[in-house]
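Chains: A, B, C and D, in written order; residue numbering restarts at 1 for each.
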Amino acid sequence: MLQAICARDGAKAKAFAEQWGYASVETDWKKLIARKDIDLIDIASPNNTHAEMAMAAAAAGKMILCEKPLAMNGAQAETMVKAVEKAKVPNMVWYNYRRVPAVTLAKQLIDEGRLGRIFHYRAKFLQDWTISKDLPQGGAGLWRLDVKVAGSGVTGDLLAHCIDTALWLNGPIDKVTAMTETFIKERKHTISGKVEKVGIDDASAFLARFSNGSMATFESTRYARGHKALYTFEINGEHASIFWDLHDLHRLQYFDHRDEGIVRGWRALHITDGDHPYMKHWWVPGLQIGYEHTFIHQVADFLQGLQDGKPAGPSFRDGLATDHVTDAVLQSAKSGRWEKVKQVRKK
Amino acid sequence: MLQAICARDGAKAKAFAEQWGYASVETDWKKLIARKDIDLIDIASPNNTHAEMAMAAAAAGKMILCEKPLAMNGAQAETMVKAVEKAKVPNMVWYNYRRVPAVTLAKQLIDEGRLGRIFHYRAKFLQDWTISKDLPQGGAGLWRLDVKVAGSGVTGDLLAHCIDTALWLNGPIDKVTAMTETFIKERKHTISGKVEKVGIDDASAFLARFSNGSMATFESTRYARGHKALYTFEINGEHASIFWDLHDLHRLQYFDHRDEGIVRGWRALHITDGDHPYMKHWWVPGLQIGYEHTFIHQVADFLQGLQDGKPAGPSFRDGLATDHVTDAVLQSAKSGRWEKVKQVRKK
Amino acid sequence: MLQAICARDGAKAKAFAEQWGYASVETDWKKLIARKDIDLIDIASPNNTHAEMAMAAAAAGKMILCEKPLAMNGAQAETMVKAVEKAKVPNMVWYNYRRVPAVTLAKQLIDEGRLGRIFHYRAKFLQDWTISKDLPQGGAGLWRLDVKVAGSGVTGDLLAHCIDTALWLNGPIDKVTAMTETFIKERKHTISGKVEKVGIDDASAFLARFSNGSMATFESTRYARGHKALYTFEINGEHASIFWDLHDLHRLQYFDHRDEGIVRGWRALHITDGDHPYMKHWWVPGLQIGYEHTFIHQVADFLQGLQDGKPAGPSFRDGLATDHVTDAVLQSAKSGRWEKVKQVRKK
Amino acid sequence: MLQAICARDGAKAKAFAEQWGYASVETDWKKLIARKDIDLIDIASPNNTHAEMAMAAAAAGKMILCEKPLAMNGAQAETMVKAVEKAKVPNMVWYNYRRVPAVTLAKQLIDEGRLGRIFHYRAKFLQDWTISKDLPQGGAGLWRLDVKVAGSGVTGDLLAHCIDTALWLNGPIDKVTAMTETFIKERKHTISGKVEKVGIDDASAFLARFSNGSMATFESTRYARGHKALYTFEINGEHASIFWDLHDLHRLQYFDHRDEGIVRGWRALHITDGDHPYMKHWWVPGLQIGYEHTFIHQVADFLQGLQDGKPAGPSFRDGLATDHVTDAVLQSAKSGRWEKVKQVRKK
């Protein structure tokens, strides 16, 4: 049941509720959390509001789904983890790419040991929507360019997705060395109306070592002309390799060295068959689902987890792990040195 | 409002209604059509039932959406067109590929004259799900292999899609020469329990002439190992060419000879931008929608058409035009000769 | 040893000989054939000269390599076959695509029975270089547009390549139904200086039945905007399928249904490994050879065949088989009927 | 004229000379250099021999072509540059990828200013041929694994190619931070017959800053399962982007944001037209050349440069610039810090 939608602008909230079938409207999130008829809070507001809302929701005993990145930084995320774990409320972060069927299959192939020892991981998330100097910062849709609201730029926005997937598929990252850049130094702020310094990172890249000994390169930017949302990752193992590309959402490229030599090659797996992850619930083979269904899958897994008593991830604890990596990345970009990543104990 | 679902098996219908939120259940389609609270009938039953249901629904003044192919053959389809036009009820056939944003954009580019004089059209729809000799015919999910229920095999099932798109994009087809084949001659029938002759065409290919002088090749089969639902079409014009592939749902390949020579090449258009057809209603650029949204678009256009007084196609009349082509294809496969296609007057 | 180059224009012939290292020059091909120091004649002149030259060369006991198509038509080709077989001179036609390593590998995979029963063959050869109305016919480089010199248009020029490969890979073709078109009806003739009727086919498509029961579609054109030399073929068998594309020269796409379900997909084989056909003589894996090496491979196989006493194909007899198919295609395009293909006995 | 081939094994050298048409054989390279009938020395021996040979050849007034990397390190390369510049002998290093027509076109498009301000450069060179633990080090073909002979592993072998292209296309690199790894720590040495420590880097990755302000990621490895020789680079500019892939040798991917919005997309340029670099000397459009022709182009440019008095690059000075970058990479991998790259003055 969609009980209530909450937003500061009551008129907009009402219109939204009517369009999507929410039963009621709130303009004060604290009132929402205080309501007895609410079991679960879904936090979809800007990054600088996650912590306060989540702490309050946890204190009120609500289940919580929270947008990524979990917090403005690792320290803040730690308090959130403590809060939800103390309150024992189910919790999840919207790192939805884990639920792309092709990505879920990648996880399955890795867990089955098909790749063998892992040598390399490489990921990038490229966009090109902020190249114009005339694009302002701040305000609706553009808060991602305002460091006070977003915490960071592409590191927390795009790399965070790459990192969550990587930690899930390839285990912990030990250390990183990074480089960031702000190509456009000043932009008009839509709220102040003034030209202000841009505090976010427009682009961010880092080298990393995983605990399993594999090497990695990560990169994200909003200045890669021609790429709208090119998230790709590749993993090279002793026996097999995997490649995935968000712009080719339902294909997984798979190479298995154990194939017979003359017919060995990258296999283009079209992840639309009934025995592929999630796909028995969808269309017949060959007909693909949309990006939005990654969220549907996540909700389904969350609900199934509640029923089974086995919470589905990524939990706040997982979100914290990613925040620790992004903290190290931003710190290294300042220090010019390799930085150790603070580890999160598995629970 | 989803007023009622109708199916012969009441228990299944009830379960379906509960899962998807239909308000009531019927097991006799004639009762459904007789209900006053029903404005629109959506016919999703096997091909041999379309005509009777549609005629009754038209007589009852209902709007009608009908699965493709419209009828068992052109003659039957003609009676359906007469019925809906006499009753003046809005009508539409589920040739949903017109509403793939990339295909809709192809139509737009052609209508703008970007291709110039058209020389070639080629389309194919390849599947591989009936290769096994052990697959039976008849019954749930397998009625497509039973000629008495389906009317024909891939000609009415797959080629019909190719033909509808082609008539829409490139105008009428004048004549065809065709070849069909039934690779597996006998299959067990799930209803009779006996091995029976297979009456459908497993594969079908034809050459065609369009009224605009362009040449065409069409092919469909369920015996193309490796292809789940590979529907592709390509159009070569004097100035530009277009290529689309269902397995790469949201890309349109576009070549424009007027581009500067050294940087001239096929452009891979990723149809996810706000100025692409339908996409201003969906996700941000780079994030794709699913196959199912082609149906959503069709419903949206149908409703918008009702409001504007400009019915959206493909109408029953359009569906009839496709049935005339498939009739000519099947006839030519028998006669071994070029067969003229019966034309449908534009209304 | 490159003994002599022969061309009507002595100055050009001399320049050519100097650039490429031919020992001498002739301007009368009959003198060339009369020379005792010549063992092998390579006929690279326009189609209407092949027969006379080859007959004379055979009579003089020379080995013969001949450009494709072998002759102006099957009847003429038959006389050439008789001549070389009577004279017992080694003979070969330049259907060089058989020696693309990826195509040779396709042959190997088929001969090993990996595909199983063949259901479908489809081939096309698309170009776009004659779309302009201002392009003249006749004369150097443009004799391919002059029917008196070329015999036919794309049927003998491009489809002939597709047919030779198909006969080699999939066996004899029984019958065809075809359609041809001449889009530009008149062009200035460079020799007469007058606007003359265009006698060649600009585009040609046909449906076919192979003796093994498989169905086929073939198409070629010089009016497919965007394609310089897009020769592709695909073969669908019960167990496996193969796809090749001249624009992606060294990749063979291979799908094997016997692969495990969740990791089953089209394999992109990069044909540059030492165990791939011909490649042990070339660069290290990953580094590709050029189109010209298909000719080198053909010469190498010819010489090896001489040494082994097992002549390498395609022989004149093979070239005749292709001419019989193109004859049937051109005949069917006129008659509007299925035409049987005259068969060539294997020798 | 191919005057002489020199190798320590006289029998092999003789066989080589006969196969390829060299007029004579030497087994002592010093004798070769002393010969009066030799104008140009082509050094194709292992890395640790380049300097001594080149210095001697320069002293003897010979023109020199030298395999890459130029030297074991920058210091050694500096002495070579001094020697050839003092002797005023034409000199060139075999960074042949500059002469892939698609790469040369990339240079042309950049020089024409089509990309605008450059934001990003990313390159990688991935192979998988040393994954097996059983592969020995040292000796013929395997000297690349012996640090005493090779100087370094993938950094000097593969990254050097990426760096040379990058310096050519995008200008000087200011600083780098790097990571290297030797996955297999010990291998049998074919010369000593003993298991010895592996001194080379199996994989190497670095972040970089170009002088023009752009950011870069570079990576190379011989442990990327599935990639035989995957060299790719991408450049993102304000207006346009370029992508190239060695496995798709003759395509250049080009995106131009100035294209009209609805038909804007990555253009797949097939670099086989007469107006593309070098291609007017080769086959007709659509028919591609081989990898080896990059060397032909380089020789042609070298000879043309001699004639024109404008030496063609890459010169020893260019090779030195690359060695300075690889030195900084290897140094950073040890120091864990950003390292400045020693700059080479343009001459």
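As a working rule, a residue touches a chain if its C-beta (ideal position, glycine included) is under 8 Å from a C-beta of that chain, and two chains touch if they have at least 3 such contacts.
Computed from a prediction, not measured in an experiment: that's the story for all the values here.
In summary, the chains found to touch both chain A and chain D are B, C.
With centres computed as the average of Cα coordinates, no chain lies farther from chain A than C. Counting C-beta pairs in contact across B-D and across B-C shows that the higher total falls to B-C. In terms of their C-alpha centroids, the spacing between chain B and chain C amounts to 39 Å. Our note on geometry: chain B versus chain D, Cα centroid distance of 54 Å, whole angstroms.
For chain D, residues touching at least two other chains, in rising order: 227, 266, 270, 273.
Residues 119-120, 122, 124, 126, 128, 131, 177-179, 181, 183, 203, 205-207, 209, 215, 217, 219, 221, 223-227, 236-241, 255, 257, 266, 336-338 of chain A are the ones touching chain D in the complex. Only residues 105, 108-109, 254, 256, 259, 261-270, 273, 275-276 of chain C touch chain A when the two sit together in their complex. Within the complex formed with chain C, the residues of chain D that make contact are 127, 129, 227-230, 246-249, 270, 272-273, 283-293.
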